[in-house]
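Below, subunit A partners subunit B and then partners subunit C, in two separate complexes.
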Partner chain A sequence: METAPASSWRRQNASYNLVGNKCEKCGAVYFPSRIICKNCGRESKLREHKLSGDGEVYSYTKITAPSDTFKDDAPYTIGMIKTAEGPFIEGHVVDNGKDVKIGAKVRTVLRRMYADGEEGLIHYHYKFELI
Partner chain B sequence: MAGIVGYGAYVPMYRIKVEEIARIWHESADQIKNGLGVKEKSVPGRDEDAATIAAEAARRAVFYAGIDSQEIGAVYVGSESHPYAVKPTAATVAQAIGAGPNMTAADLEFACKAGTAAVQMVMGMVDSGMIKYGMAIGADTSQGKPGDALEYTASAGGAAFIIGKKDTIADIIATTSYTTDTPDFWRREGIGFPSHGGRFTGEHAYFKHTIGATKQMLEKTGMKPGDFDYAVFHQPNGKFPTNVAEMLGFKPEQIKQGLITPTIGNTYSGASMIGLAAVLDEAKPGNKILVTSFGSGAGSDSFVLDVKDGIDHKRHKARKVWEMIANKMYIDYAIYLKTRGTIKLK
Partner chain C sequence: MRDVAIIGVGLTKFGERWEVGLRGLMAEAGLAALQDAKISSDEVDMVYGSTMASGRFVGQEHVAAMLADQLGFNNVPATRIENACASGGSALRQGYIACASGAVDMVVVGGVEKMTDVTTSEATTALGGAGDQEWELAQGITFPGLYALMARRHMHEYGTTEEQMAAVAVKNHENGHKNKYAQYRKLITVDDVMKSKVIADPLKVLDCSPITDGAAVVVLAPLDKAKKYTDTPIKIVSSAQASDSLGLAQRESLTEIKATRIAADDAFRQAKLGRGDIDLIEVHDCFTIAEIMAMEDLGFYKKGQAAKAIADGETRLNAKLSVNTSGGLKACGHPVGATGVKQAVEVVWQLRGEAGDRQVKGAEVGMTHNVGGSGATAVVHILKRVN
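Presenting the complex of A and B:
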């Protein structure tokens, strides 16, 4: 997979640091960021908001037949994480020898997601680590 | 006076034992373990590199320091395994800790001592009033050619130090360096594995420079080996730092806490800095610490630290080095090759 440099660069705050946004009117937190708050509509007051990265496994699946991009990484685990702030985020779960279980606590780490071949860019992204 | 405001270390959790590497090459594991003083080494995950290791160490340092990362005016990353030949690791790390854009950053390379050179650079910037805080990182995922002696020791890890003047946990009271052009170890642009000068790497490289910088430090400060509670020397293996400590008049108890290479291998730019982090994990106010790094090519930087009261207030925020070292997963040689990208599927 080749990613246009500008496209991954635009998402950098989200992909490195889990920056989403928060509605200052009702307190709802969004990741990825939304343009309009689901609760407040036109009254939305959305501000950039960095998620702590803490959360727990809501569900997970082990990938053994991945797309070409992640072919060298199989088998690996994708988790649906319920973050401490509320939003559900899908992401890679790092293999640290611990068993993935529903309800297991996680935190985020920065890892290489994939690289565009030998000469292209390396794409860094958050992943989840079981605590 | 500039000092350490916060620090963080990171060691990947995969390990490969000397026995497992020796099995592949039909060598005697006992002979290697005795000769090098190393029993296993850390291996980075497939998705880890010097940038991710530096970023994790940097995030831990910011958490420990409890500062606003917007106040960090400089980020320097020392490594001999920067993921790109051209594109700064330091900018990725700065972004990952929420520092910048109003700051300076650059990558450094001086074999195993680029991280301590970064410490000296930010010390100068802090002391001159140019910046409030500066971050110096040493991180590597070094590689030894399969079958080469280096394969038993070349490992991965890193440490980050935030230097500032306020709320320090240890003041850096002096620094000295000793540098000459020495052909003990090198890697040309675009070449995957380093070459080394065999026997030349000991006497004329490691020992000459480590002793040169340390003796200069003892003269400058008027201190004697017995004045230090801890000493950390660069540790390409378990033997060299043990021998150099003895040659300089330090006792085994002084180097024990910071001697990590026997259990995780040589983390290159990370080595003396992770060793210092391990010492700070348990150092008490008033303790004196000597650190002397070494980088092939060749040079050494020496530092004397005076531990301050503030260390007791922040200690609970450290992810302790020896606990990290104990948290491990063993892999075999085939997984090791896959992990290091030596097996290519396309």
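Presenting the complex of A and C:
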């Protein structure tokens, strides 16, 4: 499935720089960003907030039956990462020869995610690297 | 609100139905339901139709009008309900509300999915839409991958094993073996599951519900008019639904489907019944781990205790509590938009004593549990035989 260029563009601050947001009223941190704070509703005061990219593996799986978009990449590992700032993020865990396990420390790296065909856009995205 | 009963049910054979398309499946189940209810088409006041992704699977949207037309319900209001894999249960709930409110009398609720016209990877993409498209599917996280993340964490926190998960599939195939509508009627062993192809570890292909064509239809009427049509009306004693974050990452826990817990608590409150009153349940076992979590989240077992109980046989047919007598999503099949309605069809057959070889002895109260996505929607109904 191709991703509309505008769709990738809209998310680039999150997908390249790990920018979510934080509610100045209650302190809740969100990734991806929300328009309305879950705690504060219409009183929300959400401001951009960049996550450090540090975290640990909370759960993981190796995908061997992918969707069309990722069919040339399988098998690959997906992690549920608990970030240092609190939010959980799901993403690729890059293979750097280390064993993935629950509790393993990770940091984010920017990597190629997928391409829309031979001549289409190449999408880049954060992934997680085991430290 | 007035009492509502199911007065007729119909189901297609589930499986790879290459010979029949979307409209044929709907008509097959619909006709069976009309014959079962012994009503004529012009007695129907309204239709709810459910599919999850007919647009992706066969390019057809607007299926409720198609259902109404195929069954000859001239010009009645017809509305599609979509809530991913919980579309069917959600449609049943909307039909219940419409009838209970007094706005209409006779409501037909039909669920359908025609999934086998596309390749497996196309189906995987379509089903991925049940989760968060931007932050899960577009990151390469498949739908089985989401449940694999839950399974791994459940194993970590509670010591749940792959063999215990496999036991869920073995039990559901035992029941499917006895169901002529089931996609898989073959008995399997724990060893078969353990040796099957890995999809998203720890989940293997025999931990996963299959890709299925099928349709299910029920006919609802006010309870006080139901006796006109049937000697065994099945009363809907509760109808509950809850939602949660679309994405798994935003949930409070990976080892609980909170929407299930909320809907179940509400359903038991409405019915004024306890867990011990339930004779059978059709639970949403899209993956084996999902049945384990469902039995905990519905309140039948404490967190971390369902896996062992299931592996010990407590939820086999006519054991302590009969679970997924139809074979569940695993063995009966999972045509996503039809599943929630099919669960009600199975419970109705059981409560009427019409389930043949897989009959739960003395069944009086049954329950259905239908989940959308990785838990963003849960729908629970409790049905009871009235004499």
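One rule holds in what follows: the second predicted complex is superposed on the first by the 131 of 131 C-alpha atoms of A that agree within 3 Å, B and C clash if a C-alpha of one lies under 4 Å from a C-alpha of the other, contacts with A are read in each partner's own complex, and residues count from 1 in each chain.
One rule holds in what follows: a contact is a pair of C-beta atoms (placed from the backbone, for glycine too) under 8 Å apart; a residue touches a chain by one contact, two chains touch by 3 or more.
Keep in mind the model is a prediction, meaning the values are calculated, not measured.
Steric overlap between subunit B and subunit C is absent once the structures are superposed on subunit A; the two fit side by side. Residue contacts after overlaying the shared chain place A:Asp73 against subunit B and subunit C alike.
If you stand at the C-alpha centre of subunit A, subunit B and subunit C are 150 degrees apart, rounded to the nearest 10.
In the superposition on chain A, no contact is made by A:His49 with either subunit B or subunit C. In the superposition on chain A, A:Pro32 makes contact with subunit C only, while subunit B stays out of contact range. By the touch criterion stated above, A:Ala65 is placed in contact with subunit C alone, subunit B being left untouched. Touch criterion met: A:Arg11 reaches subunit C, while subunit B stays clear of it.
For subunit A, the partner that touches more of its residues is C, with subunit B and subunit C as the two candidates.
Contacts of A:Val94 after superposition on the shared chain: subunit B is touched, whereas subunit C is not. Once the two complexes are overlaid on the shared chain, A:Arg107 sits clear of subunit B and of subunit C alike. Figure legend note: subunit B and subunit C, brought together by superposition on chain A, show a least Cα distance of 13 Å. In the superposition on chain A, the residues of subunit A contacting both subunit B and subunit C are 71, 73, 92, 113. Across the complex, subunit A is touched by residues 13, 45-49, 51-52, 55-56, 59, 83-84, 92, 95-96, 98, 329, 338, 345-346 of subunit B. Listed in rising order, the residues of subunit A touching subunit B in the complex are 12, 16-17, 50, 71-73, 92, 94-97, 109-113, 122, 124, 127. Put simply, subunit A touches subunit C in their complex at residues 1, 3, 7, 11, 32, 58-71, 73, 76, 78, 80, 87-92, 102, 113-114, 125. Interface residues of subunit C, counted against subunit A in their complex, comprise 120-122, 124-125, 128, 134-142, 144-145, 148-150, 152-153, 156, 197-203, 247-250, 254.
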